[in-house]
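One chain, chain A, appears in both complexes that follow, with chain B as partner in the first and chain C in the second.
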Partner chain A sequence: MAIALAPKRRTDWIGLVFALALTIVILVPMLVVITWSFANVWRFPSVLPQQFGLKFWQMTLARSDVWSALSLSLTLSAVVTAISAAICLPAAYAFARMTFPGRDVLFFSFLAGQAFPKFGLLVAIAAIFLQLNLIATFWGVVLIQLVGTLLFMIWIPVAAFQSVDRRMEEAARDAGAGPLRVFWSITLPQAAPTIFSAVLLSFVGTFYETEGAWLIGAPQIRTMPVLMISFINNQPVIQYGAVLSVLLWIPSLIALVFTRRVVNSGSFARGFGG
Partner chain B sequence: MTTRPPSGRAQSRGLIGLLLVAVPVGLFAWMTVWPIISGLVQAFTPTQPNGTRPFSPANFVEFFSDPYSLSNLGVTLWTCLVTLGLLLVICIPLALYLRFAQGRLAAYVQTMAMFPMFVPSIILAFAFIRVLGPNGTVDLLLNAVGLPKIRSPYLTPWGPVIGLVWDNIPLTVLILVSGLGAVSNQAVEAARDVGARPLTLFWYIVLPRIWTSVAVVISFTMLGLFSAFTLPYVLGPASPEMMGPFMQRTFGDLRDPEMALTQATVTMLFCIAFGIFYVRAVARNRGK
Partner chain C sequence: MSKLTIADVSKIFSTTVAVDTFSLDVADGELVCLLGPSGSGKSTLLRMIGGFETPSSGSIRIDDEEVIHLPPEKRPTGMVFQSHALWTHMNVFQNLAFGLKLRRRPKAEIKERVEAVLDLVGLKGYGSRMTTQLSGGQQQRVALARSLVLEPKILLLDEPFASLDQHLRERLREEVRDIQQRLKITTLFVTHGQDEALALADRIVVMRDGRVEQVARPDMVYREPATPFVAGFIGTMNLIDGTVANGTFSRASFSVPLPVADGPATLAIRPEALSLTAGGQGIIHRVTDYGTHGLVDIDLPDGTRIKSMISDAKAFAAGQSVDLKPTAISAYRDNAVIYRTR
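This part shows the complex of A and B:
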């Protein structure tokens, strides 16, 4: 989309306006947060902090609630992603490669969840969890976050398996390779990069999942985003929130680096109905 | 999806296929289809003092005759419409620019427009308060040049609007740019050659071709906005509150799951048309 084919000499005024406006509106707020996290002292009405330093990084990292939230969030994301991969990837392979009764109906049925406002659906799930005593438990949160990953973890890998070159598989089979060997040596390596993106997106998505964790997990299960909400609402020291924001952001930046290709491709927009 | 020719061992493979998809399909049925049905049934069968649950619309009568519930519904609708309007006003020009512009500047604009996708809502909420909140960056800068402070949108209905617009820019732009792929360069150049002004061009050439994308954006964002939770909860006023925080409070703080289910049902009914339209659009695109 942005390949310079024939550079025009005319100044791109509209582009400059957009670039400037977006920089101010999108980049500056993030820079403000980062600046706050490195401000030892920043009192009104100084435009810049009176004193920079790592004081609040040390203090935030010394808090036990931050560490327990971080380890809980990482555990939750790892467990949810692992279970999701274990149940969704075989299903994705089946949807992509096998014929069975009701395949298309079942494949598109995962979409039905998207037809409902998400929080309304979460409340309906929470009402069922209440009867099952799953409210405020680790596995309750795992279940609700697992459901959130299903669509991603099935649809993206299905596209990956469908785009594998079948002639190579047939050639391998002709050369005497068994089905498992073909899958392991031919199919999987070709589908792996896209599957990796799906797994990463599901890990990061789970890490930031706030609404389910808040509704189902409160008050016992305090993940990083839930802790962040309580910092925003109840923590008078601004820097704690700022440091936690920057910490909280790291997984997203990693995802940005690895999944930019997937996001910028047209198929991603089409996945949202674009 | 295209149907593949059945293989020789079609039947046994069919069974294996069903087994492989059984767990996620079962999980989905148990945690999406069942809660919706069960929630609907519970909302329509209020528990009586004697323990019975006859069919009755009493919960909905209560919801729609309670001024507080109605004002929450009102502020939710207001937020949705204002946010949607702002999103379209911002994102249609942005998408048009990205569709037709080339070069490094356009690449930068695209990167910036996609950036919010990688900023979790909760960090956005914190940044919002630091920039637009009381004594935030805007106040600091205004104060430095001797101007009065702003009336902060934090904890007013405009707080969630600003946050939600920011949050929704990337997907809106993506969907619109993808839709603008249907507008050919030739059509635009031909219209330009016969002297069409930019606005005429937009109205008669571009807009008719991207209606579907605009409709997808509208339904997709309405679904997301109507039950938005995090941003309204953190940035919005305590009263009236949007449906998301309202449901959470009814469920978690007031411990009244039946009324929370009634609110969830109302939310779902308001969104049903958008939901069906959105899902159909996605399915159609996927089927191609």
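This part shows the complex of A and C:
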């Protein structure tokens, strides 16, 4: 009865279909945009551009407003993410591990903030900011972006903290660690992979956020997406938009590289107790 | 080295009384098993000693020093959890070194002590393994080592082997006993397996609804259970409710001389202390042949089922009418012993 079951490699059809669908939906448009950004001349009905070149890249990168917008957006995203983490992570821990009056109401209020049309909320906030002289300032935009990150910077880490085995924390107390030390050495590392994804979402989300940045920041504070909109509105040249789009993917690429490193380091599996 | 004194400790969770005025002295180097059904308050008691729950009242002293007001990290106790609770983001060495690092021991000493304790639990050379790369038994050994390496005065184990298979459980149980004897460490061991308690303990505490039902040496708990509950909980026991009149206990057609005052009583008879003869008190429902012995289920006319252990399973068969002849009995009234043969 010792027939070795040869591990037959079956074709993973479902995986292939998924990969194909993803390719069509994501990669093809990306390729088109990239092609556009390198097209000096591309007229209908040609399938490929008549002339490739870096003309529009040079023109775009020569503009100082593009560079200042890019660095502004990166700074803004970093600052917002850092502040959001500093506020939200301890709050999330409190939500996950403690009971206090009004806990549930407060917790769901973060969701409620996202359930209503955002633009109305933004206009109301803009009115308040006008009073506080925060309109068209860096910190005004930081504040408005902060609001946008609250939801997933609270909800995702709460789930992450809740899934940390309490016995692990108790075992650390037992070994002689105080509550703070337990948080740093046990709870945070255990929740890290999930929290990292929330931080990433927050960074990328802030980078791409347009409505709030435009409403509060304009005209002085111009982030990349805001700049792109004004480009598209003012100059109906597809290549400008294409070049800016490719530039806009920079944070996503950075994020992807980071994610890969986290995944590869195996801390994902460990963090999830795998 | 260290003794543990628990005096009148109670724990009330909003409506449930988990532990009810519990008192116990554990002598230096003694291994005491807490045994009881699910929900009898064993874990709650252990967690109060470890500092993870605050007693509603009472006092817990280690070497005559009150520890109730101390947080877990300040108590000289070491706890081993059922779910091992190893830190999965650290390797075995880091798990064991964590507490020593907190105590700011020198690097060389940490290394030495971790290696010594790994050797003790039979995991020499496993330091660099991730905890997730260990088998269930190895994980539980690491968890034990993690507590031992800090040399606690009191070792607390909460059903540490409950999730392991029978064979491994027996092996680890013996290892724990060996280590405990060698280190002479005062130990409280929670289990709801009676065989585990009987095999391990210097003394057994049988708990029920948060209270002590009996504290005694293992053989005494088996031979002379203090209450019908203990009698029924440890080993197999026939518990028969009936009445005593004129020195005779009777239940349905079954009767046996019992020299106590008239009134209700509960009779406790081990299956091995009940032999059978041809007669008419009950009818054999089933005979199970275990080779070395037979187990007979007898039904009294009112439906009461009684078990008897016989040396030759072939001697009786289902459907036969028999009389029950107890060779050793205990009798209880109002939750206390009123009679015992011998």
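Keep in mind that, in the parts below, the second predicted complex is superposed on the first by the 214 of 274 C-alpha atoms of A that agree within 3 Å, B and C clash if a C-alpha of one lies under 4 Å from a C-alpha of the other, contacts with A are read in each partner's own complex, and residues count from 1 in each chain.
By our rule, a contact is a pair of C-beta atoms (placed from the backbone, for glycine too) under 8 Å apart; a residue touches a chain by one contact, two chains touch by 3 or more.
These numbers come from a predicted model, not from an experiment.
Participant: Touch test for A:Met30: chain B only (first), chain C only (second), both, or neither?
Facilitator: first
Participant: With both complexes superposed on chain A, which partner does A:Gly178 reach: first (chain B), second (chain C), both or neither?
Facilitator: In the superposition, A:Gly178 touches chain C alone.
Participant: Name the contact category of A:Val243: first (chain B only), second (chain C only), both, or neither.
Facilitator: Once the two structures are laid over each other on A, A:Val243 reaches no partner at all.
Participant: When the two structures are overlaid on chain A, which partner does A:Val199 contact: first (chain B), second (chain C), both, or neither?
Facilitator: After superposing on A, A:Val199 lies clear of both chain B and chain C.
Participant: Looking at the overlay, what does A:Arg97 touch: chain B (first), chain C (second), both, or neither?
Facilitator: In the superposition, A:Arg97 touches chain B alone.
Participant: Which partner does A:Ala213 reach: the first (chain B), the second (chain C), both, or neither?
Facilitator: Neither chain B nor chain C is touched by A:Ala213.
Participant: Return first, second, both or neither, reflecting whether A:Val123 touches chain B, chain C, both chains, or no partner chain.
Facilitator: first
Participant: Give one of first, second, both or neither to describe whether A:Leu76 is in contact with chain B, with chain C, with both, or with none.
Facilitator: After superposing on A, A:Leu76 lies clear of both chain B and chain C.
Participant: Any idea whether chain B or chain C touches more of chain A?
Facilitator: Higher number of touched chain A residues: B.
Participant: In the superposed arrangement, what residues of chain A touch both chain B and chain C?
Facilitator: Shared contact residues on chain A: 269-271, 273-274.
Participant: Going by the contact rule at the top, pick out the chain A residues touching chain C in the complex.
Facilitator: Within the complex, chain A contacts chain C at residues 165, 167-168, 170-178, 181, 185-186, 189-190, 192, 267, 269-271, 273-274.
Participant: In their shared complex, at which residues does chain B touch chain A?
Facilitator: Residues 1, 3-4, 6-7, 10, 13-18, 20-21, 23-25, 27-28, 31-36, 38-39, 42, 94, 97-99, 101-110, 112-131, 135, 137, 139-141, 143-144, 166, 171, 174-179, 181, 213, 216, 220, 223-224, 226-230, 233-234, 243-244, 247-248, 251-252, 257, 260-261, 263-265, 267-268, 271-272, 275-276, 278-279, 281-283, 285-286.
Participant: Across the complex, what residues on chain A touch chain B?
Facilitator: Against chain B, chain A makes touches at 1-8, 12, 14-16, 18-19, 22-23, 25-30, 32-33, 36, 44-47, 87-88, 90-91, 93-95, 97-104, 106-121, 123-128, 130, 143-144, 146-147, 150, 154-155, 162, 208, 210-211, 214-215, 218, 225, 228-229, 231-233, 238, 241-242, 245, 248-249, 252-253, 255-256, 263-264, 266, 268-274.
Participant: Please name which positions on chain C make contact with chain A in the complex.
Facilitator: The contact residues of chain C facing chain A are 50-52, 71-73, 77-79, 81, 83, 85-89, 98-99, 102-103, 130, 132, 143, 146-147, 150.
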